[in-house]
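Consider the two complexes below, in which chain A is the common component and chain B and chain C are the respective partners.
Then we have the complex of A and B:
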């Protein structure tokens, strides 16, 4: 009996002696981003369990078991900054997994830069993050211009090919960026842009724009705005009896409230999303996207959506970079992130020199029978095109 | 100043020589506590001495922060000048709106200031010059002293706010405010120009709060409407003030530090339920010492 105990203790001792790599994350468990923060954490945790079940992260000849130290930033950027500083200074952690929310990402970025640590984040989609000259911040979310680009990318694959496009946008940074992405891509693809015009923020009526659109009879209408604008655009297109073959809106269609607000009129509208479980990519950890979705479902009892997927992808990018660098040196890991171009369940992950992901498409969904289904770049269902006239 | 307040003053002065012994993280914790202390001291002038609760005083925090940030970003003003403008602008705004707002009493007044905070937040979210909902980025401060500069900025502000409170406690100006707090009609009968004194008190509060917002903006490097006009910040400030003792000079500082230290220890230990524990603690403190750590004499 005593021997058995001793043997057990030795075993326990051995397993404790295993090297541990600690990562840090300040995410929101409380406050207004509590839900998104929890989804992000689930993404990180799923990755951690998978990596540890496969023996941990391999750095050179050593294997490290992964531990993630979490703090609650209470959805407050001031707290995020403080906690990230705590993670780096007190806990001695060099690799940070990002928080949720653009303000939080900015707050964390300042601290990470200051201490020369490294952060990979799947919590902020603002393109401004990449215009600050930060060297140690990488992000896996597509930024605003991609919202417009991917809609055009889809439109030009459809038959009969559309020839003309009208782009309208709300005058705020995000929407204008998205509209410019669409404009640029439309020109590249040889579409004729018949209208490119903004409207003031919070506009309640777009009649004058609608009259212009009706006169031009475009095949494609792209609306870049926020949720309320998206609903307004659909309502007014119908009211003015404008029947383009393709209606794409940058924000709105994937959200259940969109169908609720518009009912039948929401049918066949297109909209981009960061990630969809209908993606089909190979993955070094989970086999492929389906493997990821199943692992997630098994652990949490529901389908993953893009917040969690972004978290897993961010952590995975960091892991791959560390393994390739073969060292825990921040500069070398950073270099590997810059060199990276790797296929994962999330899409191909690769960054430009500002740390922004540039190799991954966004998915585009279409409302069919009251539900958003993915039609691009992978087809859960065939896209309905040309769009039938309003009822 | 009573003996208690001298202890707080000594503590504050001691903080000025502490930084060499602090890690960056502890430095940041104390900086946060000083920020909260400056806000609580500002509110104390109004609520503690004049008896008017400005639930939405964080409105001026946002204004100060945004003016500072916009001036630095768009006009490339150096930080000290931008901060000065931010502070003065907050004060000026307060001076302009005080005459109508300060005619309201108790909860009507409280709700009006809260409305001001929310309305300004919406306004800022919809203006071009403030970057709308996308917010404004400021450069990371890399000058001499590093982030220690923010520690000392908040320290100085807190010290100044503390001295103003001490002055209010003992001066004729302060007696007028206290008279208003105890009985406004009586004060008026005794010849106190109540509107003038209330306006002065409101403006002082706004100046300190605005200055705090300006320093905060540069310290955190990114501001957006939700974080600058955050109701949670108002709540924290009020908790610190109530915990420390409304209407005392040292109370707001003590309350801010206790709250900051307690919550800091808690969320490291209990990342998920710290809010619950903190809430219980606050309830207990209010039940056991309803007048705060520093009782008003």
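Then we have the complex of A and C:
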């Protein structure tokens, strides 16, 4: 059993008389999520340093210096559950920062709820987490339906206005949720949905769907699936000479591998992302989004991605709730999280009664010259629309 | 109308590929009386071979077709000589178990080497297509269609115009009879197994061009080859063509009108119906030897 106690007390130059508030996190440092886990940890660490440099968390009249106890969940949800239990039961920690990955978050959530602790997480985007009736789980990642919604939200702002949309999706929970999000929003916005159809998991030939799309000539094509599906959809759209004005894919475009896999054909494809450094919001700790990006760059030598930003945002939401509650009582802190509506570098953070964030849009990126650039809701560059025909 | 025409073209292209793909399966079944459950994995093996040659040598999968066939031929000889010969004369059940084990072995070996990620052979013409009136013809599908047609014709000629082909059919018809006229069934078994496996690996090249694949796709392909053989009837190249086209039409039309998810299900239903109502298939005939 390899359990790495990664970070212990970082003794910043603070007086020893100060009290310490310990938070716990089981994050993947090894296994398939090792990279994302490390990015998440960086987000937590950046927040911790910032808070401690400002004198710590203020609870009532006392100030607490923050410490975070990390364990490595090895990217395995079962291990996450065990480690979170250890954090709560053995280490006596009441406030948990979330792990990375929907399955890990889901596993942790059950344990946190059972022991009446509180978790704020920026690592899981599955809607399932919020459908269990849990009261002590909060998350700052937009859930699956938002992946579809924000693509439609962007599409309808573009001129000439699109009128018809075709939505195709892989039949798994995440993709179907995303597709339904797009479907509902398209109907709300008065778009005509000419095709809404799923295909089996792992399908490698979408010819029959392509023939349908080709016959309907939609202005907008939304594809909800996993990375491979996104690549396949682009290839087959091109193969069938289908040239919609707008191609949006729920997963893929923000990842460098997408451009690598498709080369020039990746150009002008749209895709949603949880957060982008092009956001522009005020922030109580870092001044604004730009301040956050600079602080991150200074500490780690590279620009933050949404994994790190989600971590920082989750920790910050917890901090603000504790400070507003003026106590370390879990129920009161929970109440403050429910009441919260605060602008941060990450966007406006506010939760519905199930604990999921409802106050922030996702960003939408478009591939331009081989790079994803943010075009919604803030514009790093003007979106290219209508999309030129395939080369 | 345009749509139906388009679907018919798609069916024809896909069906011809299925016909060629299933020839090896139907041949080994008809001549050696072996139902090779590892057949689909042979095809996937061919796809990975073409993939590897494409990645490391830049060899177009069409150019590596002869290599795949030769590799498959040798592999077929090897399997026949060292594995199948040992169990062929025992209960038929033993052959099933052996090929089933072989299927699992190949799939997992591929998984060890290539991992479970979906691979595809990205030829430069992969996304090219041409408009033909209201129709759209994708280049890879047309290419696979033409190649399948040529190769199927070659197998036909081999079986009907060469001494070896006639010997294969003779053995299929009557092993002992063939022996009395100087044909060694053992030798013919070897050759047939080689040709069958060669066809499987060669069709793997084409499969890899058509769509992405993973090490575990073999099972489904075996079922398809099985279905083609059942529907067409075992025993002739023409039967495989009939079965292949039937499966092509079935898949394309159910995929379009009922949804992608129904394709496989519909194939299985049809297979059951054939087994119950017309077990000798559309064209009848049981042996490659019957004319």
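Operating definition for what follows: the second predicted complex is superposed on the first by the 377 of 391 C-alpha atoms of A that agree within 3 Å, B and C clash if a C-alpha of one lies under 4 Å from a C-alpha of the other, contacts with A are read in each partner's own complex, and residues count from 1 in each chain.
We adopt the following convention: a residue touches a chain if its C-beta (ideal position, glycine included) is under 8 Å from a C-beta of that chain, and two chains touch if they have at least 3 such contacts.
Only a predicted model underlies this, so the values are computations on that prediction, with no experimental measurement involved.
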Contacts of A:228 with chain B and chain C, given as first, second, both or neither: second
Partner chain(s) touched by A:77 [first = chain B, second = chain C, both, neither]: first
Partner chain(s) touched by A:89 [first = chain B, second = chain C, both, neither]: first
Touched partner set for A:362, first chain B, second chain C, both or neither: neither
Touching partner for A:46 - first (chain B), second (chain C), both, neither: neither
Chain B or chain C, by number of chain A residues touched: B
Which superposed partner A:209 touches (first chain B, second chain C, both, neither): second
Partner chain(s) touched by A:313 [first = chain B, second = chain C, both, neither]: neither
Where chain A meets both chain C and chain B, residue numbers: 171, 202
Parts of chain A lying in touch with chain B, wherever the complex brings them together: 29-32, 70-72, 74, 76-78, 81-83, 85-86, 88-90, 102-103, 106-107, 110, 113-115, 126, 128, 132, 171-174, 201-202
Parts of chain B lying in touch with chain A, wherever the complex brings them together: 23-25, 28-29, 32, 126, 128, 131-135, 137, 140, 147, 216, 220-224, 226-227, 230, 232, 267-268, 271-272, 274-275
Contact set on chain C toward chain A in their complex: 2-3, 6-7, 10, 118, 120, 126-129, 131, 136, 138, 210-214, 252, 255-256, 259-261
In the complex, chain A residues that touch chain C: 171, 197-200, 202-209, 211-212, 214-215, 228, 232, 235, 238-241, 265, 390
